[in-house]
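Below, subunit A partners subunit B and then partners subunit C, in two separate complexes.
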Partner chain A sequence: MLRILLEKELRDIIYSTKFAITFAAAAVLVLLSFYVGIRNYQESIHEYENAKTTNAANIAAQTDWRQIQDRVFRRPQPLEILVNGVTNDVGRTTDMRASGELNLINSRFSADPLFAVFRFLDLNFVFVIVFSLFAILFGYDAINGEKESGTLKLVFSNRISRASFILSKLLGSVLALGVPLLVPLLIGCLMLLGFGIPMSGLEWLRLGLVIVAGLLCFGVFLTLSIMVSAMVSRSSVSFLLSLVVWIFSVLIIPKGSVLLASQIASVPSIDAVETQKRKFTADQRQKWMQASQQWFSSRMTSSASMNDSGFVNAMAAFQDSLQKSTEDARLEFYNRLDEDWRNKKDWQEKWAFGISRISPTAVFQIAAMNIAGTDVGMKFRYMQQLNRYREAFAETMRKKTGSSADYFRIVIRRFSGGQNDQEEKQKSLNPSELPEFVEQPRSIGDAMTASLTDMGLLLILNALFFAGAFYAFLRFDLR
Partner chain B sequence: MDQPNILEAQKLTKVYEDGLCALDHVSFSVKAGEIFCLLGDNGAGKTTTINLFLGFLNPTEGTPFINGIDVTKDPLAAKQHVAYLSDVVMLYPNFTARQNLDFFARLGERRNLKRDDYYNALRQVGLQEKAFEQKLKGFSKGMRQKVGLAIAIVKEAPAIILDEPTSGLDPKAANEFLAILHQLRAQGRAILISTHDIFRAKEISDTVGIMSEGKLLAVKTKAELEHENLERLYLDYIQGKVAA
Partner chain C sequence: MWKLIAEKELRDHLQSTRFLVAASVSMLLLVMSIWMGITHYKERVSQYEQGVQMMLDLASQQSNWMTVTNSAWRKPDPMEILSNGVNSDIGRYSDIGRYSDVRLVRSEYSDDPMLAAFQFLDPTFVVLIVLSLIAILFTYNAINGEKESGTLKLVFANKISKGEYIMGKLIGSWLAILAPVLISFLIGALLLILLGIGLNASTWGRYGFFFLASVLYSTCFMLMGVFVSAMTHRSSVSFLILLVIWICAVLIVPKAATMLAGRAMPVPTVDEIESRLASYSTQARIEFFNNMTKRSRERFRSMADMKPEERQPAIAAFQSENETKRKEMELGITDYSARVYEDYYNQKSRQELLAFSLAKISPASQFQLATMKLGGTDVGMKKRFEDAMKEYKAQYTNYVQKKGGEGLTIRMSAGRGSTTGSMTGPPQQKIDISEMPKFKDPEYSFGTSVTGALFDLGLLTIFNVLAFVGAFVVFLRYDMR
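Our next item is the complex of A and B:
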C-alpha cells in the first residue's frame, strides 16, 4: 500500500501546475545564482590580478625599498560566490607595512553600495527564501487539503493504515520536491566546470555539503508545514500559520537575535576602540619626540659631531631600541584592546547565534557560511594570516633597507651635501623579492567541526517535524 | 430466498465528549440488492452513521457490521467489503479520470485491472469517452460524481455507501446517477444512501429510514410508501406528530 500511495503522491505533485510554475521559478533562480556568482568571480579575479600587477609595477618603479607602498589583496575564493556570507563586507586590500596596525579597505560593498542594499543573488538566498517558501507552498495543505477535497475519506474507506498514508505524504513530498530541485543545482555545478572556475576537490566537497544543508533546511520547512497541515483542519489556516513561521524564521528571529544579543552582551563600538588606539599612538609619538629631544640634548652638549661614526651608531641604536619598545608597547596595547573587543564580540555573537538557532533558516545560514568559510570569523582569520605574513614582510624589509644606522648615514650625507645625484641613482626594484602572500583557506576539518552542530540541528529538526507530522496525523479527524 | 444483511447497524449510539448525542440507538440493515435511504435534515445523524460504518468514528454503544464483520473490531477488514462516495467528490484534479480510477482501484486491492477495465467502468457510469483521459480539474460536479461512482463500481464491494450523492447535481445528472444506482442494485449490491432529498429518496429507495436528532424515527419499505405522501410523513415524524 505504501508504494501505491507513494507513487500517487509523486505523480500528484509532479503533474500539478503549481509544481511546474514553482519548479521553473526555482530552477531559474538557482541557475541565475550560479551564473551571477560565476560572473562575479571572474570579475573579482580580473580585478585582483590587475591590482596585483599594478602594485608590482608601482614597486618596480621605485628605487628605494624604504619608499615602497606594498599592498596585499585578498584573492576571491570560488565558494564565496555561491555563499557570500560576510565576504562582501570584508575589505579586499591591505596597505602592508612592517609596523603599525594593518587595516582592510575597499570591501565589495564599499565599492558597490547598491549591492549592500539589495545584496547579491547567491545560493544562500535561494535556499533561505525560495526553497523554504517552495516547501511551504507544497506542504501547507498536504493533509487538510485532502480532507477538504474529500479524497481523505475516500482513501480511508479502503484498507489503508494512517501510518502508511502519512509516511507516503512525507516521503513522497520530500522525493517529489527534493529530487527535482537537485537538477538545477547539478546544472549549476556543471556551469562552474564549463566556465572554468577553479574548484579543488575539497571545494567540491564543501559545495556538496552546502547543498546537503540547503536540502535539509528545505526538508525542515516541508515537514513542518505538513505537520501544521495535520494539526489544523482548514488549509487556509495552515497556510497562514506556516507563513507566519516562515516570516519569523527568515525575517524576524535572525534580526531579533542580534538586537537581543546586543542588549544581553554589550560591545564597545569600533569607533570607541579606534579612538583609544589613536590616543595611545599620539601619546607614544609625544613620548618618542621627548625621548629623542632628551637624547640629542644630552649628546649635543658633548663634543660629538653628527658625522662621527660613533654618534651615528649610538643614535641608530637609540632609535632602534626606541622603535622596538614603542612598537612592543603599541602591539601590547592594541592586542589587549583587540582581544578584549574580540572576546566581548565573541560572547555577543554566541548569544546572537544561539538565539537565532530557533530559526531553521538561520541554522542553515550559519552552517553554510561555516562550510564555505565565509562566516563571521572570516575577517579575523584573514587578519591573522596577514599579521603572520607581515613578519616575513618586515624581515625582508629589514634586509633590504639595512640598519637604522645606514639610514641615518644616508640622511646625514644628503643634508650635509656630501653626495651628488649621480651617486644616489640606483637601479629599480624587483617586486618578486618580496615574499608572496598566499591566503590559506579554512581547512575542511575546521569547517566541518564548525558546522557540525548546525548540520546536526537541521537533521534533528527534520526528524522532530517528521515525527510531529506522524503523531499529529495519527490523531487527525478524518471526517 | 431471503438476501443476507450486508450492512447492519445494531443500536448504534454516538455521544461526543461535549455530551452531544449525535446518534441514539439506531438499528437497521441493508440487504444485498437493496437501496436504503437515510432521510433527514442537517444534523439528523446520517453522516455520523456513515462515519461509524467507515470506522472514522468509534460508537459509544452498539456495533456497525459490514458483510458480517464488526467494524469496531476489524475496521481494515470491514473496509475491504465497502465502497464509499462522499458528498464532496473532488478526487485528484491533476489526475485523469482513468488515473483516479486506477489509483483507487489499486487501493481497493484490484490490482490487475487493465485500461479497458477502467474504460468500461467509466462507460458504465455514462462518462463521455473523450473525458476518460482528461484531467479532473475541468470536470463538472456531475462528471466527478460519475468518476466517483466508477471508483465504487471497480472496487466490486458488496456494499456501497453514498453520502448526499445528488446534492449539487442538476436534474439530468441526478437522474443519470440514479439510473446507475438501479444497475448496481440489480447486480446485488447493498446500497446505503444518506440524503435530505425526499423525492429522490422515494424514487430510488427500497427502504427509507427517517432520522431526526440522532434517532431513527421510522423505517418504511417501498410498498409501505406506495400510497403515502412521504413529504407529509417526514414532516409529521420530525415535528413529533407521529409517534416513533
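Our next item is the complex of A and C:
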C-alpha cells in the first residue's frame, strides 16, 4: 500500500505545473551560481597571479634588499566561490615587513564597492533563500490542501492507515523534490570540472558536505511546512504561517542574533585596542630616538672617525640590538592586547551564533562556512599563518641585509673620495630568493569538527519535524 | 461606484487573516530594522567620537609633528539607518600623513567578520524583500481568485463597468498595503525622535523620500500582482508566475548585472594600481638617489680644496639643491598617482554606469539604488570621502610643514680624511594641536541625495504607470466566465 501511495505522491508532484516552474527556476539559479562563482574564481586567480608578478618585478627593479616593499596576497580558494562567507570582506593584501604589525587590506568589497552594492550570487545564497522558499511552496498544502479539494476523504474511504499515508507524503515529497535538485547541483560540479577549476579530493569532499548540508536544510523546511500543514486545517493559513517562519529564520534571527549578542557580551571597540597600540609605538619611537641620540653623542664626542669601518659596524650592531628589543617588546604588548580582545570577541561570537541557531538556515550557513573555510575565524587563521611566514621572511632579510631593522635606520654610505668615479655596478635583486608564502587551507579535520554540531543539528531538526508531521497527522481531523 | 468597490476591497483585506499576519510581520520588521539601525548608528557614533578623541590625545602627547599619526574619520550619517548600502564595506578612516596615501581602511565588516557573516538588517532590505513579497501575496488572486470563488460573476450581474471595478480593486488593495507601511514609518520617525537621533530638516526630507520610494516600490509589485492575476485564470498559476518574477527582480537581475558589467568592462584592481604606483615611485626614488650620489661625489671632490669657512655655505647650498630635487621627485610621483587614479576612476565609473543601467531593468534595483542615494551610502561614497581626505591631507601636510615638523637630523662636516658628526633629536616639549586643521566630511545635502535618487524614483514611477495601464487594459479584456 505504501508503495502505491508513494508512487502516486511522486507522480502528483512531478507532473504538476508548480514543480515544472519551480524546478526550472531552481535549476537556473544553481547553474548561475556555479557559473558566476567559476568566472569569479578565474578572474580573481588571474588578478592574484598578476599582482604577484608585478610585486616580483618591483622587487627585481631594486638593487638593495633594504629598500624592497614586499606584498603578500591571499590566494583565492575554489570553495570560496560557492560559499562566499566572509571572504569578500576580509582583506587580501599585506605589506610584508620584518617587524611591526601586519595588516590585511583591500578586501574585495572595500576595494570595489560596486560589487558590495548587490553582492554576489553564491550557492549558499541559493540554498538559504530559494530552496527553503520552494520547500515551503510544496509543503504548505500537502495535507490540508487535500482536505480542501476533498481528496483526503476519498483516500481514506479505502483501507489505508494514517501512518502509511503520512509516511508516503513525507517520503514522497522528499524524494520528488530532493532528487531532482541534485541534478543541477551535479551539473554544477561538472561545470567545475569542465572549466578546469583545480579542486583537490578533499575539496570535493567538502563540496559534497556543503551540498549535503544544503539538502538537509531543504529537508528541514519541507518537513516543517508539512507539519504545519497537518496542524492547520486551511491551506491559506498554513502558507502564511510557513512564510512567517521563513521570514524569521532567513532574515530576522541571524541578523538579530548578532545585534543581540553585541548587547549581551560587549567587546571593547577595536579602535581602543588600535589606539593603545599606536600609543605604545609612539612611545617606542620616542625611546628609540633618545637611545640613538645618546649613542651617537657618546660616540661622536669620543672623536671616533665616522670613516672608521669599526664605527659603522658598531652602529649596525647597536641598531640591530635596539631593533630586536623594540620589536620583542612590541610583539609582547600587541599579542597580549590582541589575545585579550580575541577572547572577548570569541565569547561574543559564541553568543551570536548560539542564538542564531534557532534558525535552521543560520545553522546551515554556519556549517557551510565552516566546511568551506570562509567562516568568521578565517581572518584570524590567515593572520596566524602570515605571522609565521613573517619569521621566515625576517630571517631571509637578516641574511640579506645583515639587519632586520626596517623602520628607522640610519644608513651611512661612504663615498670613496674620487678615484672610483664609475658607480659600483649594482646588481638587481632576485625576488625568488625570498621565501614563498604558501597558504595552508583549513584542514578537513578542523572543518569537520567545527561543522559537526551544526550538521547534527540539521539532522535532528529533520527528524524532529518529520516526527512532528507524523504525530500531527495522526490527530488530524479528516472531515 | 468605484468608491464602493474600493471600500469593499479594503474591508475584505482588513478583515482577512492574511492581512493581519502580513501587516503585523511587516510592521514588526520595519520598526525593528529602524530600531536596529538606530542602535548600530549610536554605536558607530560613539566609535567615531572615541576614535577621533584618541587620535587627538595621542597627537597632543607628541613632542614633534613628525611623530604624529593623524587620521581622518568618516562621520556616521543618521540616514545610514535607512540604507546601510556599502557603509560597512568601506573603511572607517584613513591615516593622513605626508608619506602615507589616503586609503580608507578597517571597514566594519573586515574588522568584525561576525557582522559580515549575516550582515545588517536595514529598512531597505525589509522593504526590498518582505514588502514586495507581501504586495504579491495581497494581489496574486485579486481577479482570478474572485473568478474561482464565483464572486466575479455575481459582481458583474450588477450595473458596474469593468473600468470602475478594476479601479476600485486597485485603490482598495493599495490602501491595504499603504496602511502598514505608513504606520511603521510613523513609528520609526517617533523612535528616531525618542532615541535622540538628531535629525534636521534635510534628513527629515530624506526620510520622507525614503518613505515615498518604499511606497512606490511596493505599489509596483502590487500592480504587477493584479496585472498577472488579470492575465491568468487560476490563482495558483498567477502566484507561481509572480514568485518567479519576484526572484528574478530581487535576486537575479541586480547580481547578474554587476557580474556582466564586471566581465564586459574589466577594470584593473586596486592591487594592480597600487603596484603600478609602487613601481613608479621606486624607480623615481632610485633615480633620484643615484643622481644624488653622483652629484655629491662631484660636490665633495670640489669641496675638498675649499677653506673651512667656504665649506659651510657650500654644503648648505648643496643641501638646499638636494631638497628642491627631492621635492620635484615627490611632486612627480604625486602627479603620476593622480593621473593613474583619475584614469582608474573614469574606467570605474563607466563600469558602474553599465552595471546599474543593466540592473535598472528590475524595480528592486531601482529602489535599492535610490535608497542608497538617499542614505548617502551609494557606490560613490568611498570616492567622495577619499577625495575629501586627499584635500585634507594637502591642508594638513602644509600645516605641518609650516610648523616645521622635524625628525632626526644628522649634521656632518666633512674634513679631509675624517668626518665628525652630531645627531640631534627633536625638542622635548609637547606640541600644540589646537590649531591643527580638522577633517570635514564631504557635503552630502538633501539636494544632492534627492537629485541622485530622482532618476531612479522616476523610473520606478514609470514602471508603476506601465503596470497600472497593463492591469487596467488586461482586465478590460478579461474573460469572466
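We adopt the following convention: the second predicted complex is superposed on the first by the 441 of 479 C-alpha atoms of A that agree within 3 Å, B and C clash if a C-alpha of one lies under 4 Å from a C-alpha of the other, contacts with A are read in each partner's own complex, and residues count from 1 in each chain.
In this section, a contact is a pair of C-beta atoms (placed from the backbone, for glycine too) under 8 Å apart; a residue touches a chain by one contact, two chains touch by 3 or more.
Everything numeric in this text was worked out from a predicted model, so none of it was measured.
**Q** I'd like to know which partner A:11 touches here: subunit B for first, subunit C for second, both or neither.
**A** Only subunit B is touched by A:11; subunit C is not.
**Q** State whether A:55 touches subunit B only (first), subunit C only (second), both chains, or neither.
**A** Once the two structures are laid over each other on A, A:55 reaches subunit C alone.
**Q** On the superposed three-chain arrangement, identify whether subunit B or subunit C touches more subunit A residues.
**A** After superposing on chain A, more of subunit A is contacted by C.
**Q** Have a look at where A:290 lands relative to subunit B and subunit C in the superposition and call it first, second, both or neither.
**A** second
**Q** Quick one: is A:430 in contact with subunit B, with subunit C, with both, or with neither? Answer first, second, both or neither.
**A** So A:430 meets neither subunit B nor subunit C here.
**Q** Per the contact definition in the header, classify A:323: touching subunit B only (first), subunit C only (second), both, or neither.
**A** In the superposed model, A:323 contacts neither subunit B nor subunit C.
**Q** Thinking of the overlay built on chain A, is A:259 touched by subunit B (first), by subunit C (second), by both, or by neither?
**A** second
**Q** On the A-aligned overlay, A:71 touches which partner chain: subunit B = first, subunit C = second, or both, or neither?
**A** After superposition on chain A, A:71 lies in contact with subunit C alone.
**Q** Please write out, lowest number first, the residues of subunit A touched by both subunit B and subunit C across the two complexes.
**A** Correct list for subunit A: 17.
**Q** Can you tell me which positions in subunit A touch subunit B when the two form their complex?
**A** Residues in contact with subunit B: 1, 4-5, 8, 11-12, 15-17, 148-151, 153-161, 478-479.
**Q** Taking the complex as given, what residues does subunit B use to touch subunit A?
**A** 47, 51, 54-57, 76-77, 79-80, 82-95, 99, 103-104, 106-109, 135, 148, 151, 155, 161
**Q** Taking the touch rule as given, give the residues of subunit C at its contact with subunit A in the complex, in rising order.
**A** On the subunit C side, the touching residues are 17-18, 21-22, 25, 29, 32, 36, 39-40, 43, 46-47, 50-51, 54-55, 57-58, 61-63, 67, 69, 85-86, 89-91, 103-107, 109-121, 125-126, 129-130, 133, 137, 236-237, 240-241, 243-244, 247, 251-252, 254-259, 261-263, 266, 269-272, 274-276, 278-279, 282-283, 285-286, 290, 293-294, 296-297, 300-301, 304, 348, 351-352, 355, 359, 365, 368-369, 372, 378-379, 381-382, 408, 410, 412, 417-426.
**Q** For subunit A, which residues count as touching subunit C in their complex?
**A** Checking each residue of subunit A against subunit C gives 17-18, 21-22, 25, 29, 32, 36, 39-40, 43, 47, 50-51, 54-55, 57-58, 61-63, 67, 69, 71, 73, 85-86, 89-93, 103-107, 109-121, 125, 129-130, 133, 137, 236-237, 240-241, 243-244, 247, 251-252, 254-259, 262-263, 269-272, 274-275, 278-279, 282, 285-286, 289-290, 292-293, 296-297, 300, 303, 305-307, 345, 348-349, 352, 356, 362, 365-366, 369, 375-376, 378-379, 410, 413, 415, 417-418, 421, 423.
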